[in-house]
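In what comes next, chain A is part of two complexes: it sits with chain B in the first one and with chain C in the second one.
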Partner chain A sequence: MVFTTFVNFIRSRGPDEFWRKRKIFKLAAHMYGRRRNCYSIAIRAVHKSLQHATLGRKFKKIHMRDLWTRRITAGAEQHGVSFIQFNEGLHKNKIQLNRKVLADLAVWEPATFESLARLGEELDNYGNIKE
Partner chain B sequence: MANNSLFLKSGFIKVPLQNGVGRFIGQLQRVTIKFCKSHGNSRGVREFIENDLVDFAKQNPGVVVYVKPRRHRGPSIVGEYLNGERNWKPAGNLSREEIFKWINLMTVQNGETEAFRYRKHIRTKMPSIQGVWTPFTHRNLPNNLITYPNEELGEVLHKEQTATERLLEIAMQQNLESDTSKEQQKD
Partner chain C sequence: MLLNRLVSIARCQTNINQLTGFFQKCKISSTPTALSKLEISKPLQVVNLNNENLDPVKNINDKIKSDEVGRLFAVIQLLGKQFKVTAGDVILVEGLWEPTNGDKLRLDKVLLAGSKDFSLIGRPILPIGLIDVQATIIEKSLSHTRTVFKKKRRKQYMRINFARMETTQIRINSIEITNLVDKDKTINDNREIY
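The block that comes next holds the complex of A and B.
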């Protein structure tokens, strides 16, 4: 007996399926277990990781600024100046360098950074001259 | 997202500055043109091959040109460079002039020209002029040359008065007072 009807029940989802799914698997290649091998699980994992990437763009900026602030503080403390004193010293002298540049100076040009730190030596944490 | 699963590659600024300082050496090694002999989107490529290709090959003797007629697929131009990179360009529905321009652009390019994210927007060979910060930059270096034991540094810090010394001091004062009072009494 030849059953010819059953062949009609096979649904072709379309010729593009392999490449459509491959786009997802490429993004999930570094994941663990079924998350990288099974499409229905991978698609959820990939969507979540893309969401994290979108949110992360905002956090990257916050984290970088924090890193620069920490570096400036560390550099200034070496000269006995707190970050607030350092900042006030720059403001009083109308030096408008941003944190990125200041952090770079602290690393690559320590002499320049020291001279900037000395500007804030005489100030207290409220921006007034000490004593 | 892990860096290896991102489609937008990232890297530092490439600076091929040596080429052209003395003599300019074209970096394009070979150009492969794939097209269909009958399909409509290869028309521009076919016109280019018929009219401009031989002139292009004569003008660029250092570039090898391959022409590959392939049925039932879209046309493409692939430039391969001396550093091993490949620049694939789809040539479907491009006019003859556009293909001429793209192929001539490939002759002055260096490799893959895909957009990529700069990790740093600066590239220098001399990032530091004053000297990079080290943990010893703002430290007093002579401290490193001291030999121990050192009398000066071995002194006790914060010498406060001990209880015994205080008692002796009090006793001395009392003795003095009693001496003076005895003298006064005698007088």
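The block that comes next holds the complex of A and C.
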């Protein structure tokens, strides 16, 4: 078949139906029930799951930060220091360790973490070392 | 409505308090605060966990001199991310970065170093020349494909993009203490820090 007019090109619907649908079915292969077998339902599910995946990448960062904060809080409270006091001690000392590393230290390096928790005690309100 | 307003007022109050508190601090503090400049050399502060009457700095220096430090770990900063590493680790960093396969690096931004007996904490980084972290670039490649898919229902809006980031695998070869920890002497070197 040869299109002699350009308009007919626009009307052609891209790749063959089988291959067009197979792309979607591949992504729906792990789903349950009609979501994996019926195209009109499958494509809805695939679109939704891709949206979730895109958003999930953003939420993962937020959730990890929450988790790290909770771990640091628990670690600091073992030494009788609240998270706010602990953070203040670090800021006064200009220590710029981030939450990921601090949570890691709280779990695997208890002695280092204890010394970090104790740092704040030895400073006055203005960040100078007490004599 | 009323409740909402009350909440917002309460929030404002705390904001103002925090602000004034902050300014007061700035005024009263005797030492000039140079926040824009990195201050690396400052007097040592010692936290002694054992409550013994030993001088901790001397104790640490003795250990460094007699090679009893043992295996060290360090927290390093690379491309805006921090990693806790020991010798032999492989770390993966994402993003555009110049070094190519087989390049050897000395990582300067060491925020913290520790052994089984002591830990050295930088404010914000340890003096350059104190800890020597050597690393090699092993592999440069691309990450897996991330699908960025956006759709709005009933608005004829749908976008799909694919992204792959450049990744670099780095092997940490060694972490060593190359100088003594000293109260009076701070190692000053006017190199640029990367």
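By our rule, the second predicted complex is superposed on the first by the 104 of 131 C-alpha atoms of A that agree within 3 Å, B and C clash if a C-alpha of one lies under 4 Å from a C-alpha of the other, contacts with A are read in each partner's own complex, and residues count from 1 in each chain.
Operating definition for what follows: a residue touches a chain if its C-beta (ideal position, glycine included) is under 8 Å from a C-beta of that chain, and two chains touch if they have at least 3 such contacts.
These figures come from a predicted structure and were not determined experimentally.
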item	value
Partner chain in contact with A:Arg57 - chain B first, chain C second, else both or neither	second
Touching partner for A:Ala29 - first (chain B), second (chain C), both, neither	first
Which of chain B and chain C A:Glu114 touches, first, second, both or neither	both
Chain B versus chain C, judged by how many residues of chain A each one touches	C
Touching partner for A:Ala106 - first (chain B), second (chain C), both, neither	first
Chain B versus chain C as contact partner of A:His47, first or second or both or neither	second
Which of chain B and chain C A:Asn37 touches, first, second, both or neither	neither
Which superposed partner A:Leu97 touches (first chain B, second chain C, both, neither)	second
On chain A, positions contacted by chain B and by chain C	50, 53, 108-109, 111-112, 114
Chain B to chain A touching residues, read off their complex	1-2, 4-5, 127-133, 137-138
Residues of chain A touching chain C in the complex	47, 50-51, 53-54, 57, 93-98, 100-101, 104-105, 108-109, 111-112, 114-116, 118-119, 122, 125-129
Chain A residues touching chain B - in the complex, by the definition given at the top	26-30, 49-50, 52-53, 75, 78-79, 106-112, 114
Chain A partner contacts - residues on chain C that touch it in the complex	25, 28-31, 39, 43, 45, 47, 49, 73, 75, 82-84, 111-112, 114, 119, 121-124, 146-151, 158, 160
